[in-house]
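Two complexes come next, and they have one chain in common, subunit A, joined by subunit B in the first and subunit C in the second.
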Partner chain A sequence: MSIDFISDEQREALQEVANIGMGQAGASIAQVLGEFVELSIPQIRAVAAAEIPAALAALAGDGVASAVRQAFIGELRGEAIVIFSEHSAHDLAELLCYGDALDTPASRELLLDIGNVLVGACLGGIAGLLQTEIGFSAPSLLADQVATRQLIQAETIAARCALLVEVRFGLEKRAFRCHLVMLMPDDAVAALQRALDRFIEEL
Partner chain B sequence: MNPPAPSAASPALLESLVERIDVGVFAVDRDATIALWNRFMAVHSGKSSAEVLGQNLFAVFPELPRPWLQKKLESVFVLGNSAFTLWELRPYLFRFPHTRPITGGLDLMRQNVTFLPLRVSGGSVSLVCGTVFDYTDTAMAHARLQDAIAALSKEKDAQRELIGKLEAAQNQLLQSEKMASIGQLAAGVAHEINNPVGFVNSNLQSLKRYCEQMLSLIAAYQSAEAQISDAALLSTITALKQALDIEFLQEDLPALIKESEDGLVRIKKIVEDLKDFSHVDESDWQHADLNAGLDSTLNVVWNEVKYKARVEKNYGTLPAVACLAAQLNQVFMNLIINAAQSLDQAQGMGTITLSTGHQDDWVWVEVQDTGRGMSEDVKRRIFEPFFTTKPVGQGTGLGMSVSYNIVQKHHGRIEIDSAPGQGTRFRVWVPVRQTGEAAP
Partner chain C sequence: MSVSVLVVDDSAMARKMLIRALPADWDISITQASNGVEALSRYRQGGVDVIFLDLTMPEMDGYQVLEALRREDLNCLVIVVSADIQEAAQARVRAMGAIAFIKKPVDPVRIQAVLKEYGLLL
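Right, the complex of A and B next:
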C-alpha cells in the first residue's frame, strides 16, 4: 500500500523531521542510559489495519517477543509500540538501576520504563521540531512473551489504516535491540499534515 | 498548542487547591531537594511540609529505592517527559499506612505515581513534580476479582477433567458393548454351526463304517478273481480296475475320511473356544480355570499370531479363580495381539511366551514378547484412553485402557516390564477370591 494519505512533499518533510528527531533522541537517551545509542533511519509507510500484526511480526522476527504500548496525545495523536525480542531488555536492568534478581513484576516494570524513555525521547523530539505540544499516557504492557504473530490482534484495531514510523534501537556495547513503532490512525493524519505544512512553510 | 495563559485564578487559590487536593503532590529539584509537599503527603507520611521542605528526599525517606528512583527522576529532567510507576508492578513508592485501620485490607497504600517535568522559567526542566494516587481500593477489588477468577478457572479445570472421565467411561462402555455383541454374535454363530456339524459328524461316522464294509467286500471279490474262467469277463474287470486305479482308491478313501474327521474335530474345537471366549451364558462372576481361558483366547487370535511368532507356554497349576472369565479373556486377547503387533517382522519369527503362576492368594498370567519394547513415555501413557502407538486405523487406543479397568474390577493389577529393543512383559495379577467371598 502506498502512502496515499500524505503528499510526497509532506512525506519528505516527515522523513526529515523523523531523522533529526531521532538524532536528538539518541543524544538524550545516551545521557539517561550513559551508553552510546544506535538508531536506524526511520522507515515510514502506510499499512491497512489488517496488516499491522504482520508488520509488527516482521519487525520482531521469529520467536517470542514482548511489547509495550503508550498513547501520545495532543495535536498529534496515536499510539507508540515498543517491541522487545525475548529477554533482550534484561540487558538494560543495570543501566536503569534495577537489582540483579528480576522477578516478573520487576522485569515488566523494566520494559515499561525502557518503553517510556524511548517513546518520550523520540516522539518528544518529533513534536518539538513540529512545534506542537505532545503528552503521553502511562505505558502499559501489550504483550508479554508471546509469539511475534500475536503481539496485537487485528480484530482489536479500531482504525482502518495507519501511518507507521519504525525505528530500530540498539546499544553499541550490548545485545539489546528493540523496535519503536509510531502508529497514527487515518483520522489523525490530517493534524499531522497541518503540522508538516507549517514546518515546510517555515523552512 | 499555545502555552496556557497566566491563570486568572489568584495564586492563593491555586496554592490552596494544590494543598487541599486529594492527591499526593510533591516536587523535587535536580538534587532531590523537596520543593513542594502538599497536605495529602503530610497526612499520610506523618511529616509536615515544614519538616521536609528544603530537605533531601532520600534523607527524609531512606526506605525509598534510591538508585532506581534517582535514575527515574534524572530521565524526567533530561528528556522532559513524564515517567510513571504502576501499583500492579510496584505496589507503592512511599510506605504509607493504609486507610482502613478498622475494616482491614492491604498492609500499605497502593499507589500510582506520575513524575511530571516542570519548567518553571521556561527552557529546561527545573523541578519534577510527583503526583501520588491512592489505588488501594482498586487493588483490593482487583485481588477479589483475581480470587474469583482463580476459583472459576479451578472449577472449570475440575469440570474439564470430569468431562474427560465421562468421555473415557462412555468410550469404554461402547467398547465393552461392542465386545459383548461380538461375543453374542460369536456364540450365535457357534450355536448355528453346532447343528450341521453334529449331523455331518454322525453321517461321516456311518460313511466311514460303510466304506470299510464296502472295501472289505471288494477285497473279498478281488481275492476271488483267480476263480473266474470267463476270459472276456476277466479282461473287462481288469480294464475297469485299471481305469479306476482301484489300488489308489482303496488307499485314499480311508485317508480322506480321516482328514474330514480331523477337520470336524477342529471345527468343534473352534466353536467351543468361541463359546468359551464369549461366555455368553455366564456374564456373572464364576470360578474359572485361567489356563483354559488363556488357551481358548490364543485359539481365537491364532490367525494374528501364527505367522509372526512361536508361542511358548509355561503354565503353572492354578486354582479356580473368581472372575468374569469373558472379560479376563478380553484382557489376555489384548495382551497377545499387542505382543504379536510389537514384533518386527523384518527380524523373522519372534517368540511370545505365555506363563501363569500362583503365589499366596494371587494368580498371575504373563504375556512376554521379544518385540520392540516401549519407551518410558509410552509406558507412562499406555493405559490412557485413545493412546496408541499403532498406525491410524490399526488401533483404537482403547484396548489397554479397557484391560486396565477390567483388571481393576477384579481388584488386581498389571505390571509392565519393558525397555526399547528389549521386548515387553505384562503380568496380570488377580486375587483368587474376591473380597466378601469365603475361602473354600
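Right, the complex of A and C next:
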C-alpha cells in the first residue's frame, strides 16, 4: 500500500480535526462520569484489511477487551469502533453507581451508551469542522470480553485497505481505558481528502 | 512597542490556525515551538511577553511547561489553547498560572476579548 494514501498536509489537518473531536468527546464523558479524562495524541495510518485485527490488538494491548461498533455515513464514511479494556465496564458501573446490580446485559448496555457518546461527540466534532453532515447507525456489540486479536475478523472487512485514526481516553484515577478507532475504507478516502482540502483552503 | 509572542503546538496546522486568528492590528513578533522543550528553551532566552500554549504535546506537555515556568519565576502571560475542553482542565491550568483558556477551534473574537482584558490590545 502506498505511503501517500493521503498527503502530509491532509494528514496534519486530519490529525488536528481529530484532536478537536477527541477533546469534545473527552469533555462529554468527563461530564457523564464526573472524572478527569486523559487524552492522547491522535494517530493516523493506512492499514491493509488483513492487518486490521492485528492493528487493533496492538492498540488494545494484551489480554481481553470488548468493543462496540457504529457505522457512519455521509461524505465521511466508515466504521467507528470503541475498544474497552477488560475492567472498563466494571469501572463505569461503579462511577455511575450501578453497584452490584450490574448484570451482563446491563454492562453491555453501558458500553454501548458510553461508546455512543464518544463516537457522536468525536465524529460529530470532526464533521462539524469539515463542514459536512454525518449520520450514524445504532451502536452494536462487536466483541464481548475476547482476546484482543479477535476483536474483529479480517474476512468481515470488505475494503482492501483502510485509513485508521485512533484516539485514546483514560481516567486519571482508574484503570478504565478505551480507544476510539475510525476506519475509513480506501474507496471513501477520496471524499475525505476533498473535505480536508476544503478545510485547508479556508485556513 | 512590539509584543513578543511565542506559539507552542506540536501541530503546524494548529499554529497556523492560531496565528491567523490573532488580531490583524496587533503589533507583534511571532516565534514558534513544536513542543514544551523547545518552548522553554526559547523562553529562557528571554524577551517573551505572551505564550500561546497547547496542552497535549509529545516530549513535554503544556502542564509540564506551566510547572517549569512557575519554578523559574514566571514573568510572561500564558494563554492555554487546547482541544481538551474539560472544565477540570481549564481549572487546572488557571491554578498553574495561565491567565486564560481558549478552546480549539480558536475563535478570533474570544482571543481579542482576552487580549483586551489583560491590556495587551487597546
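By our rule, the second predicted complex is superposed on the first by the 193 of 203 C-alpha atoms of A that agree within 3 Å, B and C clash if a C-alpha of one lies under 4 Å from a C-alpha of the other, contacts with A are read in each partner's own complex, and residues count from 1 in each chain.
Going forward, contacts are C-beta pairs under 8 Å (C-beta built on N, C-alpha and C of every residue); 3 or more make two chains touch, one makes a residue touch a chain.
None of the values given here were measured: they were computed from a predicted structure.
Model built by superposing both complexes on subunit A: subunit B and subunit C fit together without a clash. When the two structures are aligned on the shared chain, A:E75 is found in touch with subunit B, with no touch to subunit C. In the superposed model, A:S7 makes contact with neither subunit B nor subunit C.
Of the two partner chains placed around the shared chain by superposition, subunit B is the only one that A:E133 touches, whereas subunit C remains out of contact.
Counting the residues of subunit A touched by each of subunit B and subunit C gives the higher count for B. In the superposition on chain A, contact of A:G120 is made with subunit B only, not with subunit C. In the superposed model, A:Y98 lies in contact with subunit B only, and not with subunit C.
Across the overlaid pair of complexes, the angle with its corner at the CA centre of subunit A and arms to subunit B and subunit C is 140°, in steps of 10. Of the two partner chains placed around the shared chain by superposition, neither subunit B nor subunit C is touched by A:S88. In the superposition on chain A, contact of A:L112 is made with subunit B only, not with subunit C. After superposing the two complexes on chain A, the shortest C-alpha to C-alpha distance between subunit B and subunit C comes to 13 Å. Of the residues of subunit A, not a single one touches subunit B in one of the two structures and subunit C in the other. Within the complex, the subunit B residues that touch subunit A are 1, 67-68, 70-72, 74-75, 78-86, 88-90, 112, 114. In the complex of the two chains, the subunit A residues touching subunit C come out as 9, 12-13, 15-16, 19-20, 22-24, 26-27, 30, 36-37, 39-41, 129, 200, 203. Touching subunit B in their complex are the following residues of subunit A: 28-29, 31-32, 74-75, 96-98, 105-106, 108-109, 112-113, 116-117, 120-121, 124, 132-133, 135-136, 138-140.
On the side of subunit C, the complex with subunit A involves touching residues 10-14, 16-17, 20, 56-58, 82-89, 103-105.
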